[in-house]
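Look for chain A in each of the two complexes below; its partner is chain B in the first and chain C in the second.
The block that comes next holds the complex of A and B.
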């Protein structure tokens, strides 16, 4: 028996050795090369342009920290604040600050700098520094205030003239606005030094340029359009996709004036073949959306219908006393926006509606894409509504039913027609190890390390 | 001010153990029982809550009730949810009939989001009115306890599982037995009582510098006091008398490698995850080596052969005179040696390299300078984050990060020969 077992063990050992080559424990060192399409002109987290840019948020998190972060379940966890408490009513909050933290320029992390930073990003807040904490007073009760503080725009920055300093895992070594950012790891980072020594981010690169850089070994992490993700993977690249985190929707520029005004809007909503948009135009890069928030965040999104109903759409069109000819605006820099807009126009025509495409900023209906701003569903709904120019949602309580009611009200306003929730996809070089994303698709680059050998 | 809204998560999952050989049998039995006990989630209260909401809309009478599972809930749990909702709804006056005979049709969907299960009931009344009611309930803490698998020679026994990263764990013999679990913030002492480990004391670990990523730490059981804890840049020593204390100080003192029988210490980089390569007192004349992640000793008749899993990915063999590099072994970065008395007496336990989503450990003999496998690979449900030899050398401690439950699990590994 022993004679049989040993050769078998040796043979299986060879397989054991052959399938793997890199050490499993993370390795320190190296430079991670990243290419992105966005070309932010500012790194300031308080810059409102950053709010709807995943790339800007990803960069912000490398340099700046927030007082609070959200875990994978959307629950608030300590970051620069070690703990917090609120007075009954949730209007006054105290955040105890972590000790031993320094800004990248070596200056101390103090309640004064935190208060100044939060005031810069939220001029209406009343923020008071205390001995080892900051106290924030809001105009109204905000039960999800810690989640609000986890938003990237509330990251803590020390502003010194034109210079910005954060407390994050990487410090800025070189910044050419809109072109290139070089970051270096901080040994003294309170959350532990990142594994890579530095990150170089090339900005303003088209998706095609990014893929070429990856294939030439000049980039380790590049963006992939959702409709290209399958193809990129089929061609042998390592492609990682997130949960659907970006809402594509149609937004009317003005409120519905009357119930009569709502009939052609409902007809348009019922004419849309979301399934074709997803499977044909986006190559399965998203999920059908009848709601603003995806099901993985709420658990109830399936209640909002997504299927077309052309007979009912035509009925509504016929019932409408006036059927307007709408202009449909789209972002001409978005490669997929035009084809989606064209398909929507065709769907509308099947229901007897007319849409004229327009790349101009002003249009009756706009095709928009907006990233999920938070892993807290209430904060996310509020952020999405603000981003789309909708009336802020009203929550009557903290339950999932209250969330559903608030979202239903927004949908029923007929200002917005959700289309798809789209995934974020990235292609990685073979040396990138322990790649990870938060559920909202933000990078976890401090955890990434670089292997030396390609498998 | 009050209403504190953040508190650190406290592990409250009952864990089980074996206390070395003497209590092994009793506790293995306990390990087999625990999964059954812990999977029995009580769905009754939320089911009753949903039933109340449904009946508030439909009123008592004839309804048709259908169920859909849109969640990750297992089929058996889903069936239990269904049974509980039907039971409570019936108790509230609902009668279940076919849709064409019903005054209302109810479609119950068991869904979920990132934090909770969401149970939704879509209710359609005869007068074309529709309404939706729903409840949410947090995902229960999953108690994913791996049963002892069927390896031929390596046995693993779950000692403890928790959300926070476990750096090392050690069983302290005595009556009652104690378990020390080292994590980034504390060393927690558990006493074995009423067939389970019960927390006795949490000893905070003070440190002035930030911990590095991929934090590592080691417990070493001592004879003159209970234990020492080594973390990057920090050394902690337990007190001798009760109540137990832990004195920690910033220190670059070398960490012990191997077990008591193989006395060698090495300096650990305070801001990284590896040993610098400086050895004390050295292996024979060798006092430096390439930076390495782990080391394992194989005592020979006249010398001790040390295997170092170096940062470069190679395994170096040091015998006091020469420094040889082994070929590509497919080993990961964690090694430990175990004294079994079988074969050559000592075996190497090595993690597998490569895919970190599911690691394994395998035992090897080093007859000369070539390793030969002497066991099948023992799989873990996630990446192995620590592997240390017992202070006594008779086993090893493995920490695995379970990719399903998200918990860190500390296992004791023992080898039995001839099976």
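The block that comes next holds the complex of A and C.
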């Protein structure tokens, strides 16, 4: 009996080990189904509409490459440019191009094409093609120019009439603007073939529809609202959240006219109970923000106060000679914006201020959400300031203290009141393996492979 | 105004008043009927509203009770009773449960009065519910409640239940909005509508007036009624003029609806359109105007026919009477009916017949009388010369017995006397002959003063006879006398006759005055004497032919004068008193149209 049992045990152990090994080892093939809420009408990286859309940036990264990419610490790493150098002063940069790269239509990756693409994205730049490189001249010194080139809008695209061709890991197989995008993996991708054969992206789906698609097995990757992430995870779904990469803030439409004008603004800032916003309304989906950039990016954000101070807020309100009645605008398509705006209005009422909610664009104060544009803190601050309509920050040096000073100046201008830094969350089906995100919440889909487990 | 017009006016007025009276009566009856109907419809609708209000209230109570009895809320109550609330765990709870229970409003409030979760205002977690006593003393039934929302407020039909025994209950406050859908659920009869005013502010605000049809215009028109009801807290009815068109008017009955603390939170407005009434009234008026118009036309025709029946004989009688007045005494009218008008026509005919007979009788009588007078006058005139003739002849017969000389003398004297008397007889016969042969005047343009002066000159010698009475002839001739159309010869004869009469009237002397003057289109001539004068009876008969007041006259002088004056188109009159003289006044028209061109003549030749 033992003679028989022992070999059977050994054999079954070997089979189990083989099966287990097969379940964890990446495999090629399959179609990844993705659903997103955004419905971009264009895939062109130079389209300015895409700047503040994480989904658009994600799609752009699948089709297009940039000359440079940033690592988790925000340092520039070679991508389509194998190396680069700048002349003293940082106004003229030369990027050596990677060889052996081809566009999706099979055409060669040449300096001329790169120069044309960069000119389309940045009309103010002077871009000159060289033999195996491109030379870019800027009006002023740009110390973080490689990080600038890593922005999705500077991805290299070959424009042939209405058609776009990139060098990314996936090629466009079918494109129905605003509805559906089908991508196929490229065997000849210079970075190596992705594991999945294709990706189908359904666009314009509400978060509720996305969650239903996930539960029905029709989608493998869906977006989850930060306030729903905790609940979705509690209900047994695989939920992945990024670091806080999205700023929620109040932005005044006008510059402060006088110090007197700043008192009601400061009173409003001191009346806000950010903790309730985060823990209750966003269900802990973010972090309290007193600064524009998150703490994980700068390391000094904790220096900016976030707690309410109602007595001081009331004092400032009483000191103000004229207390305006502001209209508070919000994005009506954002499911959480309305309730956040209502809470802000209640907090302001506690300080004796009056905010009238308005879905119109022409409000005195707007509740906005803006995605962190870069993993480079300086580029990110510049991008956030531009996205919020603030005066561009002025950096006196490259140190962290210079960055802090520039950001403090922006905050003290009282045009903006940071509220929260919010995480991006996604729910995944069980077959999605090796899911990964960059710190700025951008997908690493080329590394993802699909398992065989049924949900 | 003619009788025909009077009759027409009476007919038309009668018809108009009759139609107006009938219209007014019908309108009044219609108005009363509509008012009764409106009252009944309003009462029924208000009762329906109250039933619906109560039914919905019971529904809200059931749902709130079900929420309070649910396991999740019980767990929530227990968790909250044990410590400080974790709002993040409940922030969406109220909204989710409200959606499941089909409630518009739902809030969970802990025993300290803190809002744990709110469906209508999710951001309000952690804030105090005010006032907490309102929850603790809330009735078991549903009640009207003002719900505060982030941007405004609204009214709700709410109920309150407490969950959990002990000292730390959890209050469940749920309700449904009193809105368009609520009003739209009422089954409204045609022409009625229900409005609801939410008393959420201090003054009237048009946006707080709920109209399920969404067609309400000029909501300010109903503001006074709402304000009156809010002030007096009593039902009130008023006609609301929504526009200038009367058909848009509505009878609006307003009913105050109180909340938990008896504060008037809402006003139900039940509108009854007056359009059917106005339309019916318009139809009545149109029909009245149509009937009135047709009746007036009929009245005109009838009055015309009736007036014709009455006035035509009367007009014929009037025409006949005018003909009789003009001398046509034989006029007869047609007797067309046997009624009073027919009798009147027959009586008129009899009257004219009698008049004609009496006239002929009178003419006959006058003719006989004239002949008698003529015979008397002829006998008288002829008898006077015959008597001397008889005496003269008898004297001649007796003279034959005297001597021839004496006879010769008597014969000579008698012959002279006979010749004189025969001449006298011839003169008498000649005057009668002249009168019978009065010629027609030959008109020509003359100056009356010239004729008068000629007459005065003719009689000048006779007036100055030494053995005659002392008569002074005075001429008072008017200056600037216009010429007249007259026959100077006939006029001369007429004036001469008047002068002779005047001289005869003054046997003892006196003053004869001839006076002329102009009076408009007439020339006047006065012949006055200061003689014996005439009695009124004599004056009346003065111009009758063959009448004379003198012992020796033929009675033809003044008849000739009147005939001449009459042929000239003039008039003659006399004024006299016994002892004070007599004045004849002749009035002659200028009348130049009578003047005929030379070579033509009218009437008998002289």
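By definition in this document, the second predicted complex is superposed on the first by the 431 of 455 C-alpha atoms of A that agree within 3 Å, B and C clash if a C-alpha of one lies under 4 Å from a C-alpha of the other, contacts with A are read in each partner's own complex, and residues count from 1 in each chain.
The rule is short, and it goes like this: contacts are C-beta pairs under 8 Å (C-beta built on N, C-alpha and C of every residue); 3 or more make two chains touch, one makes a residue touch a chain.
Here the structure is a predicted model, which is why all the values come from computation and not from measurement.
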Room on chain A for both chain B and chain C (clash or fit): fit
Touched partner set for A:298, first chain B, second chain C, both or neither: first
First, second, both or neither for A:434, with chain B first and chain C second: first
First (chain B), second (chain C), both or neither touched by A:325: neither
Greater chain A contact set [chain C / chain B]: B
Which of chain B and chain C A:234 touches, first, second, both or neither: neither
First (chain B), second (chain C), both or neither touched by A:357: second
First, second, both or neither for A:284, with chain B first and chain C second: second
Gap in Å between nearest CA atoms once chain C and chain B share a frame through chain A: 27
Residues on chain A engaged by chain B in the complex (per definition of touch): 6, 9-10, 12-13, 16-28, 72-78, 83-88, 92, 94, 100, 146, 187-195, 295-300, 302-303, 375, 377, 399-401, 404, 433-434, 439, 446-447, 452-453, 455
Residue numbers on chain A that touch chain C, as the complex places them: 276, 279-281, 283-284, 339-340, 342-343, 345-346, 356-357
Footprint of chain A on chain B - complex, ascending: 1-6, 70, 109, 111-118, 120, 122, 132-136, 139, 208-215, 271-274, 293, 309, 311-313, 328-330, 332-334, 351-356, 359, 362, 372-377, 383-384
Chain A partner contacts - residues on chain C that touch it in the complex: 87-88, 91, 121-127, 150-151
